[in-house]
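As written, the chain order gives the labels A, B, C, D and E, with residue 1 at the start of each chain.
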Amino acid sequence: MRAYILKRFGESLVTVFIVIFAVFMLMRFMPVEGYFTREDFTEMTAEARQVYLQSIGISGNPFGQFGRFLSGLAVGDWGRSITVYPKTPIASIIAEKAGYSLAFGLSAIGISIVFGLALGIAMAQNKDRLVDSLGTLYVVVVRAIPSLIYLFLIQIWVSGILGWPMVFYADVPVSWILPTVSMALPGIAWYAIWLRRFMVDEENKDYIKFAISKGLPRKKVMTGHVLRNAAVPLVQYLPTQILLTIAGSLIIESMYSIPGLGGLLVYAIRQQDNPLVQALVLLFSVLGIFGVFLGDILMVLIDPRIKLEGTSRTGDHV
Amino acid sequence: QDGGSRTVDRYDNTYQVEVKTLNYFLLLDTTAQRVAANTQDHLVEQDRFGRFIPSLAESWTPNADSTVWTFKLRKGQKWVDHTGTPTTYEITADDFVEGFRYVSDPANGIRNISSVRNVIKGLYDYYYTLVDIDGGKIQDKTREAALATFGTVGVKALDAYTVEYTLTQPTPFFLSYLIMDLFYPVEKAFLDAVGPANLGIAKENMLYSGGYYLSDWQRDKLIVMTRNEHNWDKDNITVRSINMQKVSDPTVELQMFMRGELSSALLSAEQAKALEGSPFQDKVYMTDLTSVTFWWHPNYQSPNPEFNAFIRNENFRKALYYGIDHEKFLSLDDQVNPKGLIRSTIIPEDQCFDEKGRDFTDYPGVKEFKDRGNPYNPAKAREYLAKAIAELTDGKGSIRGVTAGPVDMKPIADFSVDGKLPIQMVYVHTTSSKSTTEALLFQAMMKDTFGDDTINVVLGQFVDNAYREAILPLKYDMMWSSFRFAYADPMAQFGRLVTDGGFLNMAVDSSKKTNTLFDKTLYDLVQAAAAETVLSRRYAAFAKVEKHIQDKAYIMPYRAGGGSYTISRMVPYTVPRGGFGVTRFKYKGMIVESQPLTAARVAELRTAFFEEFNKLTAK
Amino acid sequence: MRQKADHGTSPDPIAEPRGPDSGGTLLSADNIVIRFNLRGRTLTAVRRASLKLHAGETLAVVGESGSGKSVLARSFVGMLDKNGRVDEGSISYHGHDLARFTAEQQWLGIRGKRIAMIFQDPMTALNPLKTVGEQIREAAAIHRGMDRSASKLLALDMLTRVGIRDPERRYSQYPHEFSGGMRQRAVIAAAIACGPEILICDEPTTALDVTIQAQILDLIQGLQRDLGMSVLFITHDLGVVARMADRIAVMYAGQVVEEGLSREIFYDPRHPYTWALLASLPQLGVKGEELFAIRGTPPSLFGELKGDAFAPRNPLALRVDFENEPPFFEVSPTHRAKTWLLDPRAPAIEQPDTVRRLKARIATAGHRAGVPHPIGQEASV
Amino acid sequence: MIQEPILSVHNLTVRFGTGRKAFEAVSGVSFDLFEGETLSLVGESGSGKTTIGRAIMRVHPVSTGSIRYRGQEIAAAVGTKDEKLLRQKIQMIFQDPMASLNERAKIDYIVSEGLYNFRLFASEKERRARVENALLEVGLLPEFASRFPHEFSGGQRQRIGIARALVMEPEIIIADEPISALDVSIRAQVINVLNRLKRDKSLSYLFIAHDLSVVRFISDRIAVIHRGHLVELAQAEELFSRPLHPYTRALLSAIPVPDPDAEHNRSLIVYDPSMHRYDSDPPAWSEAYPGHYVLANPAELTTWVANATPEPALSP
Amino acid sequence: MKRTVTALPYPARPEDVEAALFVPAPFDAEESERTGYSRYSYWRSTVRTFLKSRSSIVLLVLMISFSVFAFAYPLVSNTDPNEVSLELSDWNKRPGPGAGIFGTDGLGRDIWARTWYGTRTSLTLGLVIALFDVGLGMFMGALWGYVRGIDRVMTEIYNVLTNIPRTVVLVLLSYILQPGFWTIVIAMSSTGWISIARFIRNKVLTIRDAEYNVASRCLGTPLSRIITMNILPFLVSIVIMETALTIPYTIGVEVFLGFIGLGLPVKEVSLGNLINLGKNNFMLYPYQLTAPTVVLAVVTISFYIVGNKFADASDPRNHV
């Protein structure tokens, strides 16, 4: 078990390294003009531009730059933003913003899980009946229509009808509701549809038939066997989902003026804020990759079928 | 309506684009300017008529030829921190010297320095020595040694309460420089404590000398400024707190206003129109014009050979100039009175007054353009175009000296020219819908005036950064841009057009490979005007510059800044007024009511204000 | 906590078990017709099949693949697939007509508690995410209203009964830690945990090796004896049938075509399909000679079958077989067959030679060796 | 006169995986297959029967040992020409009639797949004729060629699988449990087809099965395999009448006999591998009687031979 | 569609049967082979299962008619969707007589025409991306699943590609290339194929070791034919489904990209641009958003549901 965790951990590290290296080098393909604003460029002489590039650590051998970046990371220095928040330490930017994204993201995940699972169960239990159709309708609307549209309509209409603020105010609790719920909508659909599918799949399994033939009441079969087994594959994705909430939701954060991490990456790329882009990509890929890693570990823990190398084989023969 | 005239404690408004830094020496966006203008004081400031009045300086005296300016500071003024508590630091003359030392060091990356680089004595040499040291060009001098020579720069503290600026040449309008971000004070002990790089990246990392202090700053969310109860002028700081929310969507902004969450909102023309019939109908009014000027400017070095051949032809430029209906174009912003937005001079009106109080734009040579308004004249335009075509083509539609071939203007555009009419012309714009709409309208107008067999407008779009994508790599034929008027002198505008890297590309710097001084007359005119130090003579000379540029139709101004629909609870004309520096962002003296003002009332206030204003300016 | 609340709540439609009725018949299925909706068409899987299960006996149902053995058996526990239904006929069990049960609720006192069923594939019959012990325990808890510790004790006892050594350890293991044979034992343990009256075994050994198969068969037999159950045993392996069955029902194309005591079917079969079935056994073949084989392929169950369903594949068919469906003819009180050959008007057609020689052949060719094997002992290989 | 084997497997070992995961599915198996004979391989599930078959078909790599076809080594890579020959001469029939036919291809393609691979026909007409022929030979109708596999019953599908092998005109057929998945009434059809083909075309079969009753009927010789090791090999009747290895005896005792009287008196022998003392005295592949081999150490060999019944036991 | 089934007749009573019939009948061996098995065609069953649900028929019809109309409209209409009006009175006209079915936008362009041109652009974009994604994904996925040796490498590529935020790629590409149709195609496909490849790989893994594949290998069938004959036919339904589902997805992405300013050039008519433009003016001229939204919703929802229903229908387990 420990050997397995170490091995998976090592693999994850390698993947993170490749991702960050790839992005680092891609950023170097961007034209240097991007580091200047229009006014600057007019005002600055060629030398001054060079001075500026040097001062933000852009000129020189990209491999050397990468090395410096890594050695900075090693001592916990994420560097400073160069154009998005000039000179502001990146760690402090992230610390400041991640809190918001995390708070909204976690509440949204909570809501998605509770409502998504409830909806999924309801749909599976009433397969091909009204509840199922309504649930499917919801899922279809959420998944097929670009989110921008319905999120926008929710913001304008629902806030108007309920008289809630249109943007988020940290000190007005009701202003949290709409963004959180909006953020949860796709999650609810996701959980509902997969749980429904897994439950329906489970229901056709031989062991469910055997459980029924043992005379277990339907409710017990549903909770004790079907739901339990159907939920297991969903659990695998939970760590990734939780970790990635830190990354925030671009659309919702921008619509509700939530100062989270959501739009920061896009903005940073467009501003060619290399240190910030690198830090964010590093952060997100670490979260994503380690989410997968944790998901795998979690599966090993909850699914007895998954045997790991290095663990002794039990199971005798007749 | 007496209920509507109660003043309120709080002013709520929004900002759309994220403020990057609040380092007040490095104002990168208007939000930061709003914060700096209110949380820091300069030596001088402008009153609500735009007159310079004392601020942290109690009084000042220029010497006879306006080359040395001495300022006497108010005593006993303390820096306050982000809780509004006075610190032990007093605001002294040294703080102004330190502030300037900070901006003069290229390592601090201060961007506006070029506007004073040739104004303050000794600054040019000091600055470039440091640049060369940093760039490795000067090896025999250390940075420390160079920094030690700051004494040669013309900014000195004569005593704790006296600052003296020494200038390179007589500058009667020097006060208008002093309200730029370059002339803020900073407390050295505090700066050393937080480190120069950390100045202004958090509310704790600044001290405040202005009428407000920054009591809250959440990036991408909220900026709150609270009245500084220890400011010398606190009685004139009428609103207790200024709350600025980040809201990027104008639709949301309007909604928030209508729901009473904001004190004022800017509206698009369409939004304004949509309010017709609503309770807000009679509350929408238009803001005054500002010193910002919008113009179309062609690229005189286009990689597109067809356009390049034509744009150097005066008749062609004039054809363009007369071919676009400015009024209709501005209907996008104001369908009722688009004319009111037109600005047809390069230097804005109401900004430069000579010693007799005469406005630069009333000088002969400028006034004719100011009075002309919309130049649109399709017949004339077609005539000019015909002339240009006659001059530049062989009569069978082939453009002389232009060979067919591909034009690589990637990523903006990519096409081939055939060396024949129609002329391909790349008009670039951003991805924003406003900018795109304008581009489409421009295209439609060109087609309307000239038909599509003479000029074919190709639309090219840059994603983000005009400079990186279009202007610097010269991948455009035509675009619009806007210039803010930086200080009270025509050179603020002409300098940027004519000098190195300017839009007209009349570089005289021989090191630059794009050295194409194609109008020696203009260059000489600018040099001559810049050398004049008496305002009236100076203005007369610059008026010739303006006339020359306009006659040749090098650039096509079309709109003044401002002039947006607004709906607001703030009473206009209660705040300081001024077109340059940070004045227009000040909230000092602002009166905010509990109900939006009606347009009628604003109109009354406007009339009253300008009556008074005109009395004051007509000395 | 939840477990407790469920105790004894399963409704019991049979308040007083009345035991086998007059003729010793425990369960009797009459003229059962089962249809499925399949891809827009109707498939009649069982066509008027009748079957009686006597108390304490083992009834084997044999027949070709697809002849409807499983479907018929499943209808006894109300576990037809969703697209299927019992269209006609009745299944009487303790005065109830199981064919008329509609609500899940009605089945609760029967399924698992009185009629238990084990399936063919032990590898998939256990929930891979629950411990084996738990899966045995939960049924007992429900049906016998036991609390957790009591039902656990019962489950441990069941594990011991089916010959699993070290039950304490095995109780908390997961199915993947069990081999195929042990899983089938666990499945059996779960099925008998409530002491059912009837155990339906649907090909319980097909997926197992011969040696293990023999052990499981012994186990089922032993359990039947010990617990006095009736067993309905479905298989198409005649060897297994010979070992297990007291009586045999032969099915073809959804019908029971012959029914009789084990010896009657083996030694005196009357239906041509039964003949063919027995004759095609390789044990009866002569090396180097052609084995008797049933020609052709089973009929399609969509649509009507005219006459005797087996007729097209039966070289001995009469013309009447293509026209009219034969009724049952009684051979003996315990033996009947559904073939026109038993009609007095039919030409006298003899059983094929091979079939007649069955007993003799086996007696001479069979080989027996070894020592008696105590039932239920777990043999490890 | 000693006949040359058509196929000779010597000391075959197949390992799956590497390192700690390595698992030896077949260990040091040797046997010969003679022309025109049926050699059956019986043993419990997972004992390595399929693996041996697939090693001969060269779809599993051989770890050590040799496989010779008519004296020619085929365990390692062979040239293109030999490849073509081998693919033709050695054919396989699969266990699961449902899984061994490509559901999305017509019978025509399925049967002629091998012909296509090596262009074994001169004209389209010839190919079609050969497909029809093969179908007829296994008792199917030529018209079936244009249908898809799912239109057929299990027995028919299995015969299609045989036709697919047959069309290549093979000499050796590896039949991997070709009847295990079929029900009794269909089995006979397939057995008959196999037997008839063997006679008519003098094929050699390596017949893999676990059903000893079928094996006895069809085989000339039988090899018993247990956990990757061959434990016994003899003429079919010899093996049934004189089983030596305890595993063989257990296997034989477990065969159900379709006779109620006999069945009711049957008793079961259980094989316990821990009975062997191979640590101190390793076993060897020894010839107990002529042509009757068993895996035993000398001590065991003596006891087993002593206990062997010379004549078939009478049924009780 | 309930089928009425006639009750099974009881067997004849012996006395009702003619004695003349009791004579041996000739045996027809061919007939006995022929009798049994039902004709089951995978594709016929798939289509039938699909058509069983009324809603999927309705949506299929909608999907087809909207797509056909979107592609046909530009051919038959002579309204230029980019025709800017210089008459102020033409701007922002509400739907109604003289203003087109969907009204006009802020430059007097006809929204009805723009909606259909936009639908065409977006559908084309979706289709092209789907073809790239699915084509490349299929090919790589089949290889990935079949060739054991490249599994590790591909898995690593998968890990890396799925962890480089897509926006990074998009933004970078829109700098390197001209923002536009092909940039979005390249940006989307450069990372989109991998998840399809992964999906296909998992499918292939389950069929790779199926006996019929072993059979083919035993017959010496070359890899190329194993993939085309044995593997790909089993993936056709997946491909159709993936294609159908990629289209609503790309339309969504296009709208999103427009939102962050990286979409198709705004001068190009696409649903994404229409929506983003309409959204800006929603409070004022709601029809500018709602009209194209309705069309977009019908298109995406019909593709989505049809794709899903088809996936269900193509699963043989659902062929009941």
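Please note the rule applied: contacts are C-beta pairs under 8 Å (C-beta built on N, C-alpha and C of every residue); 3 or more make two chains touch, one makes a residue touch a chain.
Predicted, not measured: the structure shown is a model, and the values here were computed from it.
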Path length in the contact graph (chain B to chain C, fewest steps): 2
Interface with more contacting C-beta pairs, comparing C-E to B-E: C-E
Inter-chain centre distance, chain A versus chain B - centres from mean C-alpha coordinates, in Å: 41
Length of the line joining the C-alpha centres of chain A and chain C, rounded to whole Å: 53
Averaged-CA centre spacing for the pair chain E and chain D, given as whole angstrom: 47
Geometric centre distance via CA averages, chain D-chain B, whole Å: 91
Multi-chain contact sites of chain C, meaning residues that touch two or more partners: 180, 212, 215, 295, 297-298, 379-381
Residues of chain A whose C-beta touches two or more other chains: 31, 34, 156, 270
Multi-chain contact sites of chain E, meaning residues that touch two or more partners: 33-34, 36-38, 40, 175-176, 261-262, 276, 279, 282-283
Touch list for chain E against partner chain B, complex: 82, 84-86, 88, 92, 106-107, 174-179, 261-263, 265-267, 276-277, 279-285
Contacting residues of chain A [partner chain B, same complex]: 31, 33-34, 36-43, 45, 47-48, 50-52, 54-55, 80, 83-89, 92-93, 96-97, 155-156, 160, 165-167, 170, 254-255, 257-260, 267, 270-271
Sites on chain E touched by chain A in the complex: 156, 159-160, 162-165, 167-168, 171-172, 175-176, 248, 251-252, 255-256, 259-262, 272, 275-276, 279, 282-283, 289, 293, 296-297, 300-301, 303-305, 317
Chain E contact footprint on chain C (complex, rising order): 33, 35-42, 44, 47-48, 83, 87-88, 295-300, 302, 311-328, 338, 340, 343, 345-347
Interfacial residue positions of chain D with respect to chain E in the complex: 54, 57, 59, 83-84, 87, 91-92, 94-96, 99-105, 109, 113-114, 116-118, 139-141, 148, 150-153, 156, 161, 164, 168
